[in-house]
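The following pair of complexes shares a single chain, chain A, combined with chain B in the former and chain C in the latter.
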Partner chain A sequence: MAIDEVKIGGMGARQKRVEDNRFIRGKGNYVDDIVLPGMLHMEILRSPLAHARIRSIDVSKAWDIPGVRLVLTGETLAARNLAWMPTLSYDTQAVLATDKVRFQGQEVAAVVADDPYIAKDAVEAIIVDYEPLPAIVNPDQAMAPDAPLIRDDKANQPDNKIFDWEVGDREGTDRAFTEADHVSTIEMHYPRSHPSPIEACGSVADFDRSTGKLTVYMTSQAPHIIRAAVAMVAELPEHQIRIISPDIGGGFGNKVPVYPGYVISILASILAERPVKWIEDKTGNLISTGFGRDVYLKGELALRKDGRILGVRMHTTSDHGAFFSDAQPSKFKIGLMHSAFACYDIPSAHLTATGVYTNKAPGGVAYRCSFRVTEAMFFQERMVHAAADELGLDQAEIRRVNFVRDDDFPHRTPFGFLTDSGQYTKCLDLGLAAIDYEGFRREQAAAREQGRLLGIGISTMTEPLGAGNSREYDILGIKMFDAAELRVHMTGRAILRTGAKTQGQGHETTWAQIVAHELGIPADDVVVEEGDTDTAPFGMGTYASRSTPVAGAAVSMVARKIRAKARKIAAHLLEVSEEDIEWELGRFYVRSAPDRGVTIQECAMAAYSNVPDGMEPGLENHAYYDPPNLTWPFAAYIVTVEVDPDTGVWDVLRVVAVDDCGVRINPMIVEGQIMGGLTEAYAMANMQFITFDADGNCVGSNYMDYLLPTAWETPGFELHEVVTPCPHHPIGAKGVGECATVGGPAAFVNAVMDALKDTGVRNIDMPLLPDRVHQALTTGQDVSGAPPVDPEAS
Partner chain B sequence: MTSLFNEVAPPASDDVPTRRVTITVNGEPRTADIEPRLLLAHLLRQGLKLTGTHTGCDTTNCGACTVLFDGRPVKSCTMLAVQADGHEVTTVEGLASPSGLHPVQEGFKDEHGLQCGFCTPGMMMAAKALLDENPSPTEDDVRWALAGNLCRCTGYQNIVKAVLWAAERLGGPDTEPETEEAS
Partner chain C sequence: MYPPRFRYEAPRSLREAITLLQEGGGEAKILAGGQSLIPMLKLRFASPGMLVDINNLPGLDHLTRDGDGTIRIGALCRHEHIERSELITEHQPTIAAAAPLVADPIVRTRGTFVGSVCHADPQGDWAACMIALDGAIVAEGPGGRRSIAARDFVTGPFQNVLASDEIAVEAVIPPPQGEARGGYLKLERRIGDFATAAVAVAVDLRGDQVTRAGIALVGVGGTTIDARDAADALVGSPLSSDAIERAAELAAEAAQPRSDHRGSASYKRHIVRTFTSRILTQIDRSTQKAA
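Then we have the complex of A and B:
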């Protein structure tokens, strides 16, 4: 009698995605596809220099070009108090430069014209007279006593330091180090990277003076946050602001912040009284928008001889560029770096962090991770790997010895987070069996006899996903929760809206599956809408793998409210008391007479045609969900490689991934997320990075310099799963979208380091380019820091 | 005749030289007066409203703008529209036939070969070009043929499966096209 949940596309169904129906026909609706009547086009002039004083800007030749409607400079904005805007981390950021440019690619002027070609011509015609200043391109330079001051615009900013921050137990950790048999020390740099979705950023701003309404179509992962920001920055009434995120061509954190281009397009539309479209080009995206990483670590582990970790010390120095505009819960200065070592049972840990300004692009976004946890887990797994080698311990064993045990939950991590569930050893052992760990070790030893270098790398980690709860997590005071709204129509079909915003994660499919699970309404009968702040309920948006943990939970909760009302209607229809009603998927029935029942669809019809006396008609509701805690998925990634000793080129042999992200709503989509994350992990380990020359010129400003892996070099992936339901999530799910990007890089690097174990080399900083590996092989020395760029070249 | 941007504003200046081109797009001859510097991608997107062709990188690297030019895959963001005068161009909008989706399209959906969808049209056009030339490719053939198209979401594994799925469908005994609704 009961419905087959998988058949209706409920939990666990490998439901094909509904959004694909438009994408495979070329009918997606991305920002650049939007055309409004009378629309103008905006182009931004960017600074060619990393650090320079602006002597003058001559825009007269731009105005001379027919078809130019507006030319905007910092002066235009300053007259309206818009030359600077607040960042998400309590700093300020220039919208258009007024005094100095502080990084290459900074926005200096903007032109609005009848078509984008004219706008580009006009931007070329603007003449800026710069007085070059010395560029600061790394933290050492930034903290030098005689360093030029980057932020001379700020009062009380005597040097280039942004913050010193500290978390953990200093005394307890010091004690652990005095008691240790061995102290393992390692220094590393996690290079600057860029999320680089294939679609760059853009907006279409449309201010209607007759109604006072501002509508902005934009590439935003968090449209409600943008609405609040616009209301506060531009001092427009929030109810007159409508932010619409249409289809988004990938985000990965890059599309969380407010960028100058959005703000300028809004002002331009207000001034021109016409819609204004701004579409960023790839170089603009790569050199000016939110980057990820760029953190230096000094890490120390206090160990017993048997590999038991007694204490952890970490000091990070982070390079935030010219403006501290990290997108993160505002009070955590270096994000959730202190989530490091959460999967290990360690008595004490202490982290100090220093952040500095440099003449590089601002941003510090969570690039496919939950606020710096990518760095945290990479550092963790590299530290553990190095320590095991020093102690002569097996890489799997040192992890087993330190794992939090299955019966030790809830567990307080060394830095104070509370984890709730997991089967860490089971995951690792499943991965080891899948890759035939012992067999590979034998193969590796045999290969070594022939001068071939094989390596195996393990990375295990649990990470905090799904910010908040609202007690601890907020952005500029806005608490981190989410909402969902569900309307069931009289024929039993439904529309669901949430405050999240899909950028490829498949919410339109997945959320309908949750409704199917809770109500028995087939997933195909539920349409999902997101991204329009006039229609969607409030939400903090989609990043930090928080959609399923927070918005997905809200979907569950609102469906349960609907079910509770439907139960009353069912009692009325069946003429029994509510207490005598039982629920099975899609149907209420009388406990004593199971054949007497009504379907959820019949209840929906009755909600509009036959409600009991005194009941409000209709079948719709909303739910705000404030999660009790973060979710803590676990993953074990194991990679094998062969390094060519003559060239330093390394090939990936196998990649085994074991993910425990709790209950999987749509396994197909989950697997897609994991494979995508593994690819970005491989990319960062192998080729993908942004660096700067001594003059602050960005190396990595286009896809010829910023290398992304193609189908040809990307390895195949072997996926496995363990399911430990999240105890506090309504459907037992945990976040997953970022696990592989977070945990993956260390597996690749550890594999190469394992292959090089006999050479005495302990560390090569990412990316492990062939020349760097070759250098390590030939010198027997570590290779550290960002790949060098000839300091004489400029 | 399609005169680019004429629905938005009058031509910027009478001085701007234009050239008349006729391009067969998705089987239909289209004539336009265009600036010689206009890129093919922009003619397709803004002029002909065929917005399925995306521009991702502007430097011929990402392949989101891939279309078929006389049957061969080209990146339309670095080709001038005037170069297409007298030629045939097929975009993603021309992939499906009246009777149903192209197997490549079905394959991408069936094998979860897309996430954000932005690279998908270019990826599918490159895949179609491969299958037109090589109806039974190996996995390596597929990976090599798609090496000019970047995807940041999927990790390619499912894209490769999607193309192999389509190859099997095209070559298999059951070549009856499915209706759009059945997909």
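Then we have the complex of A and C:
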């Protein structure tokens, strides 16, 4: 008599996303859809120069324009101690520049006006007198002995270095290298890219002097962190701050940090005593907000002849731009870069990392990167690929011989993480069979005879998701756990709220499915709400693939608390003791008489009409979930390509993905996440990058220069799955949002490098634009660094 | 999108439109498909005092072929119409090859052929095709109509010879001297990206003899490049692998590329050579097959 779980939209059901009902009808409610009575509009003036001293700012012509209500400069903010704000990485960041501008696109002034046209006109009327300074656009320039000091605002900052950081076993690793048969060395650059959500950032700040309440509608993936930050920065009482993240048009980590625009709009609303809307344009988003990567690697592997890796050495140099504003766990200066090589059984490893300031936009931890795991896995898989080629080993075999074995869990990774489960060889072999690896190798050899260049690339990785456990993971001291709150109404319908914030991940669908799984209440009977700090329980937000591992677990746990209470009510209704009650999905019954039972809905009604003596009425609860460990999904991505030797253009033939993200709640949503991630992986490998000319001008400030692949270019994806449940997650899930973005790029690059194997070329830095591939083909030399930016002009 | 303030007019007749342009005195811009003008307004790269929207003008959306083989494309004929036109597929291979490569499908539904030529973007596909085909632009102003050879029409990046009170009403492609053959190849990083490099080739054949040829280059100079020497080298003899190689080499020499984030100068030159050779080889092969 048990309910069919799939029919009620429980675990494993391919439920259509309930949020899409409003999105496909154009009924979403985004920040720019918020219209409040008396609302003013704000526009920001940005610096055209990358590095310059501000001699003066003349705002008189802006004030002359009818309809202008406020003109704000760094001076206005400094008078209120708001010209600078703390970042999430214990640095400071200018809100509006006072002394210098430090990157092109930095916020210099703001205008608040009756409508956005007037605000835009007025911003153009502001005259800033700049004294240009030399721009620093890469770490080499930053660390040169005579380099101009970017952060002369800071005491104790003698140069442009932000940090030196290290992790791992230096001595053990050194020993491994002396014992190696072969040392493989490679240098590469993971270029700067930008997540570029279709909706840019924005806010509507509404300060009500009569109540002292500040309400801010904003594009935030982490509204509770924002509430805490606003309380600290603006020195407003936390209970009088309400942050509302309405529908978000994509985040990808771009909408975690606190941006100057938010802060200025809040101050503007306080000063104007009217709501103030700020909507960033696309260029503003691309040139000033959180980007991804921009990390240089020197990597070394100590190997035995048979391909066994004995030791790993990595040195990374990361370019964080003008302010160290990375949103990442406080302990880890270069994020979770040291999650590299977690899927391989390696005795010792050592990572050193240097971070530097440059005259570029601040950030580095965005774009589905899971705190720089993207770089870690890309470097790992490129290093393994190069080593296999040097040793004359098969690309699949070198991975197999190094994989952690299925019976070797829990496993301590070379950098000290603890992984808990996986079937790595099974995943890889499933992918190889799907793409007919042996057959492709034969086809490749035959094609080579005709002068055609085919290649196959493999990328395998396990990555840490679900930050975190509270022992190790905090942001500014706030521990990284999450909460959920569930209220079951008397008719058995329910409302669930969490501290996460969906931006396309489908929480409104998935969380209801977890409730259905735990309680047997149909998913359609559960409404999910997130994003309003006045109503939602605390949470650290949605990024780093942490929603299902943390908030999703909290949903499970709160539903189990509800079930525990419902069991007591059921015993009361069935007039038996609680020990005699059994549970099947959606129903309690008497063990000795299974026909006698009550449904969860009947228990819900009784919670409001017929509770046992002494029991508190109602059926609602909340749960905080502090994960015991990270979760570790595994993936094997395999790509085949053909390179046109005449032009360097490469076409993707096939993409096979095998993902083991543990138990899948909604397989359709999981597959959507993987396809989106593979699309981004392809984009970064093929076309996507932000670079700067010698003067620090950003190349990639609009969609003509910064390319998002369309359906036309994007290859088809063949998806496969293996399920190894997470042993410590309540429903065995591991997180999946970022896997393909993390693991995918190396598969595409490795495929092109495999096609070019005979040329002796070992590395082409992304993006693999046709001219770079062609250059490698014709010269036989590696191609490093960012693509040229009009060198004749400079 | 918050462009600067401008006056908007939507005239109902060509005469009225020309009067408005005269009134605007150089401050007026014509709005046809708007696929370049609107982004420029959005970015505030352009701040015209007046927009003269010609979309209501009658009789400008034609795509026709005269009895002598002349093809006429009206000022309001959209890229998409050209892409789907059987007349073009059947009679004009260079245009047919370029049509599906212009911008992206969304732009093609609104953008116009003539507007693209007038915009004179060195990255424009249609200006190159018009030069390769010895086409002309017909313009109308207060003093009547005149025809301007495409080769003379574009004077520099985003500059054409039209007077401020003239409207380009039609593009004209002359009849081929024999059979019209041709092709268009474009290297772009993504659909809708500006070309890293592109080549338009139009060759008229009588038997196996080349009677007329035109080659024009896109994205490899400050303006669309007329590779006259390369085209002339083909005229008067049959296509042969030697002739093709020579033309491809001359086309590469005519290119004036700059290195940028789309590719290095030497690579762009190489692509011009490769694409010129590929198009001509393709024409040669299909001619041989037909024979």
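Criterion: the second predicted complex is superposed on the first by the 789 of 794 C-alpha atoms of A that agree within 3 Å, B and C clash if a C-alpha of one lies under 4 Å from a C-alpha of the other, contacts with A are read in each partner's own complex, and residues count from 1 in each chain.
FYI, contacts are C-beta pairs under 8 Å (C-beta built on N, C-alpha and C of every residue); 3 or more make two chains touch, one makes a residue touch a chain.
Note that this is a predicted model, so its numbers are computed, not measured.
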{"item": "Which superposed partner A:117 touches (first chain B, second chain C, both, neither)", "value": "both"}
{"item": "Contacts of A:691 with chain B and chain C, given as first, second, both or neither", "value": "second"}
{"item": "First (chain B), second (chain C), both or neither touched by A:17", "value": "first"}
{"item": "Partner chain(s) touched by A:676 [first = chain B, second = chain C, both, neither]", "value": "first"}
{"item": "First (chain B), second (chain C), both or neither touched by A:710", "value": "both"}
{"item": "Partner chain in contact with A:727 - chain B first, chain C second, else both or neither", "value": "neither"}
{"item": "First, second, both or neither for A:48, with chain B first and chain C second", "value": "neither"}
{"item": "First, second, both or neither for A:32, with chain B first and chain C second", "value": "first"}
{"item": "Which superposed partner A:172 touches (first chain B, second chain C, both, neither)", "value": "neither"}
{"item": "Superposition-derived comparison: chain B or chain C, residues of chain A touched", "value": "B"}
{"item": "Chain B and chain C footprints on chain A, overlapping residues", "value": "116-117, 283, 702, 704, 708, 710, 712"}
{"item": "Chain A residues touching chain C - in the complex, by the definition given at the top", "value": "116-117, 119-121, 124, 283, 646-649, 686-687, 691, 699-700, 702, 704-705, 707-710, 712-713, 769-771, 774-775, 787-793"}
{"item": "Touching residues (chain side chain C, partner chain A) in the complex", "value": "2, 4-5, 43-44, 104, 187, 189-194, 196, 258-265, 267-268, 270-271, 274"}
{"item": "Complex contacts: residues of chain B adjacent to chain A", "value": "4-5, 7-9, 12-13, 35, 37-38, 42, 45-46, 50-59, 61-62, 64, 91-93, 95-96, 101, 105-106, 108-110, 112, 114-121, 124, 142-144, 146-160, 183"}
{"item": "Chain B partner contacts - residues on chain A that touch it in the complex", "value": "16-17, 19-28, 30, 32-33, 35, 38-39, 66-67, 113-118, 196-200, 247-252, 281-283, 503-506, 668-669, 671-672, 675-680, 702-704, 708, 710-712, 714, 716-717"}
